[in-house]
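Take a look at this one; I'll ask things after.
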Amino acid sequence: MMTPPAVPALLAVDWWALGAVIALSAGALLLLLLELLPGRGSANRAAAVTVITLVAAAASVLRVREARRAIFGGMFVHDGFTVFFTLLFCAIGLVSVLISWDYVKRLRLPGAEYYTLLLCAVLGMVVMAASNDLITVFLGLELMSLALYVMVGFRRSQLESNEAALKYFLLGAFASGFLLYGIALLYGATGSTNLRTIAQFLSDSPLAGSALLIVGALLVLVGFGFKVAAVPFHMWTPDAYEGAPTSVTAFMSAGAKAAGFAALLRVAASALPGIDVDWRPILTGVAILTMTVGNVTALLQTNVKRMLAYSSIAHAGYVLVAVAAGGTEGNSAALFYLAAYSFMNLGAFGILALLGRGQEERVLLADLAGLGFRQPLLGLAMTVFMISLGGIPPTAGFMGKVYVFGAALQAGLLPLVVVGVLNSVISVFYYLRVTVAMYMTEEPAAGPVEVSWAAPSTLALLATLAITLWWGIQAQALLVAAQESVRGLL
Amino acid sequence: MSLTLFVAFAAMLVGSGLLVILHKNPVTSALFLVLAFCSLAAIYLLLGAEFIGMVQIIVYAGAIMVLFLFVIMYLNLQHDVERGVQIALRRGLGWLAGAVLAAEAVLLFARGWGVGPASTEPPPAVAIGNTQAVGLALYTRYLFPFEITSMILLVAMVGVIVVGKGRQRGEGA
Amino acid sequence: MSLPLLWIIPALPLGAVALNLLAGDRLRKAGTAWLGCGSVALAFAAAVRAVLELASRPAAERTIVEHAYTWMQVGDFRVDVSFLLDPLSAVMVLVVTGVGFLIHVYSVGYMAHDPSFRRFFLYLNLFMWAMLTLVLADNFLLLFVGWEGVGLCSYLLIGFWYERPAAAEAGKKAFIMNRIGDFGFILGMLLILAWCGTLEFKQVFALAPLVFAVGSAGVTAATLLLFLGATGKSAQIPLYTWLPDAMEGPTPVSALIHAATMVTAGVYMVARCHVLFQLAPLSLETVAVVGAATALFAATIGLVQNDIKRVLAYSTVSQLGYMFFACGVGGFGAGVFHLMTHAFFKALLFLGAGSVIHALSGEQDLRYMGGLASRLPWTHRTMLAGTVAIAGLPPFAGFFSKDEILADAFASGHYGVWAVGLVGAALTGFYMFRLYLLAFRGEPRLTPEAEHHLHESPPSMVIPLAVLALLSVVGGWIGVGAPFREGESLFARWLAPVFEGAREAAHAPLSAGAEWALVGASVAVAVAGLGLAFAFYGRSTAEPLERAAPRLYATLVHKYWVDELYDRAVVRTVYSLSQRLWTFWDEKVVDGAVNGIAYLMEGTSALLRLFQTGFVGTYALFFTLGVVVLLLHFLRHG
Amino acid sequence: MGDVSEFPWLSWLVFFPLLSAVLIVLLPATAERAIRRWAIAVVFAEVLFSLPLWWRLESANPGWQFEEKLRWLPALGASYHLGADGISALLVLLTTILTAVAVLSASRAVEKRAREFYAVILALETGMIGTFLCLDLLLFYVFWEAMLIPMYVLIGVWGGPRRIYAAIKFFLYTMAGSVLMLVGILWLYFLQKAVSGTPTFELDAFYALPIPAGAQTWLFLAFALAFAIKVPMFPFHTWLPDAHVEAPTAGSVILAAILLKMGTYGFVRFAIPLFPVASAALGPWIAALAIVGIVYGALVAMVQPDLKKLVAYSSVSHLGFCMLGLYAMNPAGFAGAMLTMLNHGVSTGALFLLVGVIYERRHTRMIADFGGLWKPLPVYAAIFLVVMLSSIGLPGTNGFVGEFLVLVGAFRARPVWAVFAATGVILSACYMLWMFQRVMFGPVTHPENEKLPDLTLRERLVFAPLLVLIVWMGVAPQPFLDRMQPALDRALAIAEQRLAMHSGGPAAAAISAAPAAAAPGAPTPAPGAGAATVADGSTTERTP
Amino acid sequence: MIPLPWTLGVSAVVFTLGVVGVLVRRNALVIFMSIELMLNAANLAFVAFARSMGSLDGQVFVFFVMTVAAAEVAVGLAIIVNLFRLRETVFVDEINLLKG
């Protein structure tokens, strides 16, 4: 079914399956074109176009969600995995746009460019998830990364934003070098960059001791490990997250991480089957380190944004637990967890984006003092997100952890699971600190921090809140989706 | 013959690469980088990748390095001042890490390393030049990545404009 | 039978408690008094009715069991709320309700001016309920309900004047001492339950001889533990120290609880369990020795006390010792007999003392009394009757019972115990007449204030005194046995069905001559004691012992420093241990470990933050190190 | 009331408070009176709703009643499965009553943020009732853990000066214990899946699942740690004094009366029946810890200067009795433990309420700040007296029945346990009476105490049901025993049956579900032999 | 014919030089140049493999990498220039506002 025709048949392409890619590219271009039109409120217009684009992309994928296609000579596959991640990225994009809508205006950032880059980043993510070839994986990753480098530095006159962009960029390029070298070695070891072909080659002539293969796979892993912020390739994360505009932090903490894992899972499952077992010690070690370093370092942070950055490192560790578990269960657990994580994290950062008036950014723990009772909805939502991030029921984060740890347990990784659950206890400490600040600390004499409410942000807040709670109470649909999605992979 | 040439160019590549990272003056570093790229282009030619070799000279040594030099000049950078314990420490660790990395690679590869199979694709019916072959591949099998690349360039353009353009419209922070 | 025979007896005072609680202050003083006394009077009537019913049956069938309801049942473990009336409990129930009623009446006068009049009767009625439950219980656990119930009431009544720190302290001390005994009691019950599978008296006593070999460890342990309970409740060595302190309570309380009824519960319990005790000779010996020791020990302390109530308290402890050693030598009947007579005369003495205190506006120190005979004629007369009775002069009640105890001790071959008892009898005569002489004879040494208010007590107080004085005189006559008349005494025959087993095991009767000799000896020592008292205190109030042997005197005045010893050895040890457990072990070690983990985490966090230098170079270095380590892994594990 | 079997009674019971909480949150915060009344109405309605668990519980039926089962996560095999038996029915009743009492008592104590306060308490009630009624382990864990949040908020927002420390400590400590239980649950789940092929979190399925003895130890430890921290057993108790001291009165009441019971409930429902081999093997250790807890809690309680801390440490002691009863592993011990749970809920709840009453008046809980309170507060003192007596287990009050049954059970298991545990009888009198003496007796030492107002009518109403329960359960505990026993017997029977699957081990003898009835007249062994059995400390069950 | 190990060896050396350059230099521009060295090392490996396997894929890959590198350079230099505008420095060890 997936054997590519010898002669590329352009007309044989299922355009619907490519719908998301086309929609996103077209949307990005359209945004740039629209900028030529005169008129005020271009930021609103751009945001609206972005929303439409993302909805269209999602809709086109949904329309053919049952289809299974390999397009462009098998470089782009449309399968359950692609559908799952495309929808997830579109949703992340949508929520991010809603979060950014007012934030971009408030900070007077150039709207059209912002949303163009956002769409391009989403496009890169989609390509990463859908790629069945190391070339496209690499290009998708670079597309996403380049867009994000710029987005991180979007507040260009602000020192922190610029510094974050520089660090993210330099280290990202550094990591790209490793990834690229890894791809080169894999290519050398197997003679192809197509994942299926690699897998086929490996199954025909196993190269267990091949240095090329091992080092290549390792460097590829390192490259993805950088994107998902796995220890010790995580050190850019807190700085980049803290310095970036909050809406960008929200977007990249959910999207880039999910995309990194999508690519990692795709490559591991499609090209290197069995790697989850062979490389379990490494994955286990990295997962343990990632969880622990992320959580422990977060303990003493006073900047919520930075704290959540460390928390996102820890969450990468939890997903790595699922990756280490491997198999259908492990992979679907990873998907489940990423979906759950994305929304609660978006919600949490979305709330941070609300804080402060005008161009000020109030994201210190102390800024939250007394906020909970002043802003009941905001307080409640933040509490739910924190609880969910901490993995406490009845929230999506809890179900995610149950699923992830269950998968790991099934794979016999008991020590990893024990470390994982203990880590979630550690993490609860700093998540609780947020609620302590909001509900149990007297608000400052000057009054609590001001909240820049806007309809789109509120909508984003309610949506993420609802999803976080709903997946905690009834996650059947997501469970099934996650399980179905990985089936085609293996 | 080609082997001799290879060795010569390889030596030039490594030597200039070394000078890139060693030389105090960023302009000199950049110039040595150009030299490294040129030697690399020569190696590409030796390896039968004419197209890539040309592109290497045009794009890398030409466009990219000009950009680098332009920026260095623009910023009017002088010699890097590198001193102090911290820097010495970092250097030491850097070289150590590099050495260990290389040693590990050597040890791993010394155990044996399999190279992938020869290409399975049928040799082209008519003997065509390397440039033509690459071009054909680019616009047929590699159409999709090619398109993605265009988006990457678009992002780069937009990005450079965003980051690089001057302050305007009372844009804040 | 229209009314239930037995459970109505404890229910009556309990009903009064409930009414008292519900009615609250609307009841006024008169109502409270009527309610309190009336309910006890009715209980007495009900008790008489029940005992008559019992007496009407043939001797062998004299047990009435009345089942109220199942209290708890878990698997094979079942305890009922059911009541038992047999000759033994009949004696108890009559004494408790009878003496109790008199004391209730007395209290109406004694407490008339107390603002907490209602509360007093509430407690008193509650006590009656608990005491009646205790004596009527059909099983160990229900007995234990009464047992602890009386302890509670004792606690509440000792601390009745709660504003006095000493009273509160004494109440607590009493309760905790009792609890130490109860610890033994509970374990004893558990042992019995484990062996016999039930706690019901009849079944336990029927099974015990089958289950336990004589002298076996099980029954010895069980009985010793039960006896530990008894030492708590009945103020025996080593748990006796609470009783003298309990004198902080109002005097009617001392009379009712700490003389006539509650403190005798231990004796009752031992008598009730005589089947078990007889299976454990070691336990019986222990009971005898502890009883005799307490009798002597408390009597010596009583010699030098100046507080009128404390003299009586030590006397009570001493007399309770007599009862126990009676039981210990197998004379359960004698013990119970002494219990009854003691209830009469000791209640009388306490009430009389109360009358004196009342008259002297609260003065309790013998050194500030004297010459009261003429001023308080009724009190004087009745007190004299009580004093003679307790001193054991014929034909007063105490003579017969004490004589029987000594005879039993001698006859059963416990000569040492007998000798101790004899010495004790002499001491009793001495300290009681010392009290009498110091209080009623000689020159008045009253404080002006006491002098001013001095008056004879009202009839509600005097009448009970008179009744009790009468009982102290004639109460012993039902127990008159050898050598004064042929065969067993009326009292012994009444109790015979209960103590059947005991009698079989008992000694052979003494010859008449020996009996007379024993009587003579006990009368002689009593007379000697009182004679000595007259010699010392007839004219002067000085303490001869203080001059003769000051250190001995000090030892006695300080009660052998036992309280101090307990305080040092137990109370302070436990307290400082607890303090250390809390401040060091709990806070530093256990909780310190918990917080230590938190500190460790924070420390690690601070350490990890140091790596996050903010420099790209550092980040890249760690990145590279990561790659190096991963490669190393493959180098090692291929 | 309609047909109970038709109506989803338990779901209603679980979620009615939560729904009401949502309604409360939607009300404007200024409508304090309305909120208060509504909250009180809700908790009392909840008491009424829970009454069918008393009336309609079929005492003879040991199985699940009022059962409800819906698909929840078919992909995992988890279902929404509620059901009650005698154990959970009584605990739910305790929950509804104590919550009602706590809410009623709080109506004056809570000065700020009343709306949120009531919403949180109602949410907490949902969590507690849900925990007791879940028959699906995943669902159980959801409730078990979710319940931490409202309690945390309750302590953290409305607590005393160190409330944040206490709240976080409470949360982290209990969570640290329970996450390992989650691992255990998942482990069980996969074992079950491997054995039967169908994934499920059903408790009944796990009851039927043979678990290898080696795994049992680890699983048991995972479960037991979670429960032991919640109980809390020595040495996992140090969160309790902090949480109690800092929590507002209503929080302390609920924490002591109900939350702690979840630990013991967990042992009865899960740890013992699921892992009988490990339970039997580790039982002596747990019993030893329980006994240490009894004595240690009492000793430390004795020297506490703070009333709430004193009561908190007394809880450690009381729950030691509970655990000892459970690990006696016989009917008497179980019944005693279960009764002690209820008793402790009632009496310690009442004690915290009482402390709350004076705290409200004086804003201090230090024993040294009081003295002679009987005079200004006679009614208060009298109620305190009764509750204190119940707490120290005076016969005639509820405390005694439970304690004695525990001792009976413990004695039957190992006499020496009972010996040590019985010292608690003495020590509890020591710390309670001494405290009572210092607070109530003596002259009024602080002038500000002289004019304290006695209990109001509302406060008397708060205590009335508790006093009734204290007396009722002390005088006539049989209705309670009747209801709990079939369920307890079932738990024991399951444990025994599962133990029999691993037969042959020495542990098999340690549990005896139905001890040989030492009925009167039954043939008796030679006394000497019996004495020897006592002496060597092993079982004293007499076998005919 | 150039043996594959030779080319690969050169590629590895150049890659390592790039890595070391990133680690030892403090000038952001030089660091960036070192990264370019790494990319070129990868490219060399691609071409070498392509050559040894007689396949074109490697060369095509190199083409894409060059494009990406160009884009990266554009963006990266823009960021560095902006940094210099704000801070008057390109030394990465003078840039640590964000840390901890």
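Note that the chains take the letters A, B, C, D and E in the order they are written out, and that residue 1 is the start of every chain.
Here is the rule we go by: contacts are C-beta pairs under 8 Å (C-beta built on N, C-alpha and C of every residue); 3 or more make two chains touch, one makes a residue touch a chain.
Everything numeric in this text was worked out from a predicted model, so none of it was measured.
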item: Shared interface partners, meaning chains that touch chain A and chain C; value: B, D, E
item: Chain at the geometric heart of the assembly (C-alpha centres); value: D
item: Per Cα centroids, the chain farthest from chain D; value: B
item: Label of the chain whose CA centroid is most distant from the centroid of chain E; value: C
item: Between the pairs A-D and C-E, the one where more C-beta pairs touch; value: A-D
item: Intercentroid distance (Cα basis), chain B paired with chain A, Å; value: 29
item: Chain C and chain D, separation of their C-alpha mean positions in angstrom; value: 36
item: Distance between chain centroids, defined by C-alpha means - chain D, chain E (Å); value: 65
item: Chain centre separation in whole Å, for chain E relative to chain B (CA means); value: 5
item: Interface hub residues of chain A, defined as touching at least two other chains; value: 135, 139, 142, 146, 149-150, 153, 156-157, 165-167, 170, 174, 178, 187-188, 191-192, 209, 214-215, 238-239, 429
item: Sequence positions of chain E contacting 2 or more other chains; value: 18-19, 22-23, 26, 28, 31-32, 43, 48-49, 52-53, 55, 57, 60, 64, 68, 71-72, 75, 79-80, 82, 92-93, 95-100
item: For chain C, residues contacting two or more additional chains; value: 609, 612, 614, 616-617, 620-621, 624-625, 627, 631, 634, 638
item: Contact pairs between chains, per stated definition; value: A-B, A-C, A-D, A-E, B-C, B-E, C-D, C-E
item: Chain C partner contacts - residues on chain A that touch it in the complex; value: 166-167, 170-171, 174-175, 178, 209, 214-215, 218-219, 221-222, 225-226, 231-233, 235-236, 238-239, 281-282, 293, 296-300, 426, 429
item: Contact footprint of chain E on chain B as seen in their complex; value: 2-3, 6-7, 10, 13-14, 17-18, 20-21, 26, 29-30, 33, 36-37, 40, 43-44, 46-49, 51-52, 55-56, 59-60, 63-64, 67-68, 71-72, 74-75, 77, 80, 82, 86-87, 90-91, 93-95, 97-98, 101-102, 105, 115-119, 121, 130, 133-134, 137-138, 142, 145-146, 149, 152-153, 155-157, 159-160, 163-164
item: Residues on chain C engaged by chain B in the complex (per definition of touch); value: 617, 621, 624-625, 627-628, 631-632, 634-635, 638
item: For the chain B and chain C complex, residues of the former touching the latter; value: 90, 93-94, 97-98, 100-101, 104-105, 107-108, 111
item: Chain A residues touching chain D - in the complex, by the definition given at the top; value: 373, 376, 387, 392-394, 398, 402-403, 405-406, 409-410, 414, 417-418, 421-422, 424-425, 428-429, 432, 435-436, 439-440, 474-476, 479-480, 483
